[in-house]
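Quick heads-up: structures coming right below.
In the two complexes below, chain A is the common chain; its partner is chain B in one and chain C in the other.
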Partner chain A sequence: MLGEGILKGLAETARNFAGSFVSAERLTTVQYPEERIAPIEATRDFPFLLYDGSDWEAGMRCVACQICEKECPPQCIYIEKSKDKKPDALGKPQFYPARFDIDISVCMSCQICVEVCPFEAIKMDTEFELSTTDRFGGLLYDRKELAKSNEHYHKIHPTEAAEVDARLAEEKAKADAKAKAAAAAAAAKAAAPVQAAVQVQPAKPVQPAGDLTAERETKA
Partner chain B sequence: MIEKLDQIFVLLQQWIVGFLPAALQPVAGVVLGVVAIVCVFPGLFALTTVLERKGLGRIQNRIGPNRVGPFGFFQPIADGIKSLTKEDVVPTSADAVVHFLAPVVLVVAVFLGFAVLPMGRNMVLVKMDASLLFYFAIGASTELSIFMAGWSSRNKYSLLGAMRAVAQMISYEVPLLLASVVVVMMTGSLSLTDIVAAQNQYSSGFPHWYVFTPWGFAGFVLFAVAGTAETNRSPFDLPEGESELVAGYFTEYSGFKFALFFLGEYLAMFSISALGATLFLGGWSAPFSFLQWIPSWIWFFGKVMLSIFGFIWVRGTLPRLRQDQLMNFAWKFVLPLSLLNLVVAGLWRFLGVGWERWVVCSAILLAAYVVMGRLGMHREHFGPRRYRYAE
Partner chain C sequence: MTDAKLEFDAAVGAKQEGWNRPPVMEPSGEGGVLELAMGPHHPSTHGVFRMDVALDGERVIRLKPVFGYLHRNHEKLAEGMSYLGSMPFTDRLDYICSLTNNWAYALAVEKLTGQEVPERAEYLRVILGELTRVVNHASSIGFLIQEMGASGTPLMYAFREREKILDLFEALTGARMMCNYMRFGGCRVDASAAWLEATRKVVAGLPGFVDEFEQLLRSNEILMARCQGVGILRPDLAVNAGVTGPLLRASGVNYDIRKVDGYGIYNRFKFRVPLGDHGDVYDRFMIRMLELRESIKILEQALKEIPVGPVMDAKAKIRGFRPKAGEAYGRIEAPKGELGFYLISDGGPNPYRYRVRPPSLINLTILEDMCLGQNVADVVLIFGSVDIVLGEVDR
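After this line comes the complex of A and B, so read on.
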């Protein structure tokens, strides 16, 4: 009959109206500033710079290779390479960023900088309450504002951070083994200098150069 | 004591007027009444906006506004400050005078309607013999202001919205009037005060409200439908259909003029609710004889708020109609039924007291409703679409 559907609809809305007062699962609203839900692990918004240890300046992983700066599609990263070198976490002397700025008003959260970084030095943050009254300076983050500890990374992306740490540990172990082997070789060299000298000599022919010239000739 | 509480506003008015010289007293009394109406109904409007937003929120399983003040009840104050401080933009090519006048005319016309509504025992601003006629004459002039707004804005959406509004309001004006005519037929008076007085009688505790008769019930339903359309409320809110017309006839309004349109719309809703309550729900009379000690104005405003709740409930339930559905519904369903209702009211009158008239009148109305519903709901069946390609 005419009007049946309207009555059904009215009953449905009445059920919603009354139900929202009694059942918590109907009312799914999260009242944001007071209540919040934990972000899902894959959340990302803007990049930050990782550092190891407790001192952000000493432990910064970034070596100012500027790959991210070149890859960044909206060109929001600005890096100035240092003139001198400082020892990194492994004790190896490295360049470091004298200046590292990200304009997060330009950043499009594409994560390309993270993917191209060979040093696991830049990662995506989950911090989203970034509003500021200064629309230019307040959204241009320098390296101090960008630096965040590895513990923070573990907190926001536990799985990913564990993978990264495992990879870094593996690399470190490899490097250690290599260093050990090199040290052992050096020790052996020191122990038998004559033998080593004999061994070194035939290992230094100028053959590659000869190859190259030959190649060039054939090409011409 | 109870008598005094019932007449508190009348006594208050007399007391204030008593301080003035006799020559000024009639004018002062009217001015006081006007001030009361101009204060109370916008206040009710403020309350309704927040209640509506909260109610609609609950219907959609949301919380609704709850930030400004306790439970969000100061939201209308924030809205008012916002609309007052906003820039008042008038399009360069608009007809500035008409553009300015349209919201003013709307609010004034809607306020005039309240002059004849009895809001309690002895609480009517202008005692007029033809008050129902006055109400409809004034009510029809809101269409003018809406068309003024749409035309003067020089905007295609405004004009389309105004065209729709005028078409819709004129179409529904007819059934609205015809649905009220049954009440005039039975009461034998165009005076709203007399109509309430005729319903304010009780037999074995129950009132003689017109809604409790077959023709009254049908009239009330038709009146409610036509009244919803007349005030451009959902599901008949095509003139301001925001999905296709931005905001309809008040697209080009901003700031306080926009707020005035909003106010006018809600005031029209109150006034049509009040008229519906007066015609069919016994106005300020109590629903049971033993509840008569509660002041009459409480009953009146209670009935108005109840029908406002109905408006909100319907708005939260029904989607907007299409223009052709709207027109078909008005001319092919509501209008014939309201004409039939006139005949039924006449039958009721001449069948005399007894159970026969209940059976006959109910049967006629129910049969007409079912048959016309069947006819109206019958749809052309279109088969699968065939495509013919050029060779």
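After this line comes the complex of A and C, so read on.
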């Protein structure tokens, strides 16, 4: 019969229309600014810089190694390395970023900066309501605007943050044990100066900086 | 072409080819020929694409596709960037199916370096690839019906389902469309048990959606009158033009790279390749509908069999990645056809040559042959049935 197919389709539409009144599953629209859907944990949008403790400048994990700057596909990160060094979380003196800018109007949220960072210093935020009337300065974030605390990281990505903290704690424990062993060795050395003087220490081979500072060669 | 134009062309010495080439079909002789630029801002072109058509009344006697409005220098950019750096850019080729683009690129690099992919990562790739196919086919059918004038309803049904799958993508990869998930030698993060459970739930709901979608459209008389016998593509022409994907299979050529190459772990799954008889718009619509069902079958098998284990090759390097000199071509059956990446490495940190073989572009090249003799309104329909994304056509 001509028109049978159309009627079948209309029955389907009617079923969906009526269904949206009784079944919440069929009602998929959310009235956005008033209603919000629950955030998904893995969501990412723009990067932020992580700091430990309460002072963002002292606790900044970034050591200005500039790997993210080189790897960033759209080249939206700008870093200036400091002239002096400051102790980091492990107590080792490290450089810090004298300037760290991200132009989030250029950033494409690919999180490659997060993947290449060896210091767990840059992570992805979930804040998306960033519209501003200032076209240039308003979307160019400096290190102060980018700095967010570890608590904030735990709030937005709890699982991932717990993993990162466990990994860092393990590294710190290793470093502490090493420092302790070194201190013990130094004490032993001081206790037996004659023996130590006799013992010839082989010079430690200088490690090539390797991955951390590997310059990305770009073809001319 | 009008006499005045011919005289003008002769006067300025314009060649009768390319832009000025005469119509392929003879005009009927009454009322002259109307030359019309459809696009680049025509709503049916899914982006910025122009069709220069010559019309004899309502009948198309010449059609020239004009590409390049969305050219973004993707290939040249990739040649100045690390291998990993172009992974997020591949998301932006066919932005509806970012995960299959990731997969094709990862496959090409893995061929270049000879890296192994762990079992679990292969399963995850299949699951995500088939979910992407569901997303693509559902929305492409929706858009096709939209172009017939059924504005809204079927497209919104497709998008309701797509939304569930995009939520899964977001929960796993962190982004809905620009996933940037696959890596050379595996996948970036592992899927949790909760994610797999949620996926099983969504996949269990998919057959119901396809039934509903078919019931809504399949036997609709208006749809059949608009689609059947329109835009016929002969199988020999399709093969000669290098057409791939659902467009080729709708013409009755049995060519599916999942079967031909068996890349990844596809030869472990039982699924059939639907083939068309007539090669018209209705066949292309039905092929996509049937492929949805086959994809659901693959998804069910993969979700049942997925093993535990690592998702990343232990030897894979993120920083300082330099494949040895050589070349490789990796291809997959993307939802739109054969998507290939051709890479030449000179041993440096960035590829010496990076080339994308996009299915959309190559499928579009035979648009004229399908449109000749058809009405203008059917051109929109035929164009919609090719299923393109301009991000991939122009790159």
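Quick notes on this one:
Rule of thumb we're sticking to: the second predicted complex is superposed on the first by the 199 of 220 C-alpha atoms of A that agree within 3 Å, B and C clash if a C-alpha of one lies under 4 Å from a C-alpha of the other, contacts with A are read in each partner's own complex, and residues count from 1 in each chain.
The definition used in the following text is that a contact is a pair of C-beta atoms (placed from the backbone, for glycine too) under 8 Å apart; a residue touches a chain by one contact, two chains touch by 3 or more.
Please read these numbers as outputs of a predicted model, since none were measured by experiment.
By the touch criterion defined above, A:31 reaches chain B but does not reach chain C. When chain A is checked against chain B and against chain C, the one touching more of its residues turns out to be C.
Legend: residue contacts after superposition of the two complexes on their common chain; A:164 is shown touching neither chain B nor chain C.
Contacts of A:21 after superposition on the shared chain: chain B is touched, whereas chain C is not.
Of the two partner chains, chain B and chain C are each touched by A:12.
In the overlay built on the shared chain, the residue A:2 is in contact with chain B and with chain C. Once the two complexes are laid over each other on the shared chain, residue contacts for A:58 go to neither chain B nor chain C. In the superposed pair of complexes, A:108 makes contact with chain C only, with no contact to chain B. In the superposed pair of complexes, A:139 makes contact with neither chain B nor chain C. According to the touch criterion, the shared surface of chain A, contacted by chain B in one complex and chain C in the other, consists of residues 2-3, 6, 9, 12-13, 16, 28.
In the complex of the two chains, the chain A residues touching chain B come out as 1-3, 6, 9-10, 12-14, 16-17, 19-21, 26-29, 31.
Across the complex, chain A meets chain C through its residues 2-6, 8-9, 12-13, 16, 28, 40-44, 67, 71, 73, 108-112, 115-116, 118, 124, 210-212, 214, 216-219. The touching residues of chain C, when paired with chain A in their complex, are 79-82, 84-89, 91, 153, 157, 160, 163, 167, 170-175, 178, 180, 188-189, 212, 215-224, 318-320, 348-350. Every residue of chain B that touches chain A in the complex is listed here, in rising order: 55, 58-63, 313-314, 316-318, 369-370, 372-374, 376-377.
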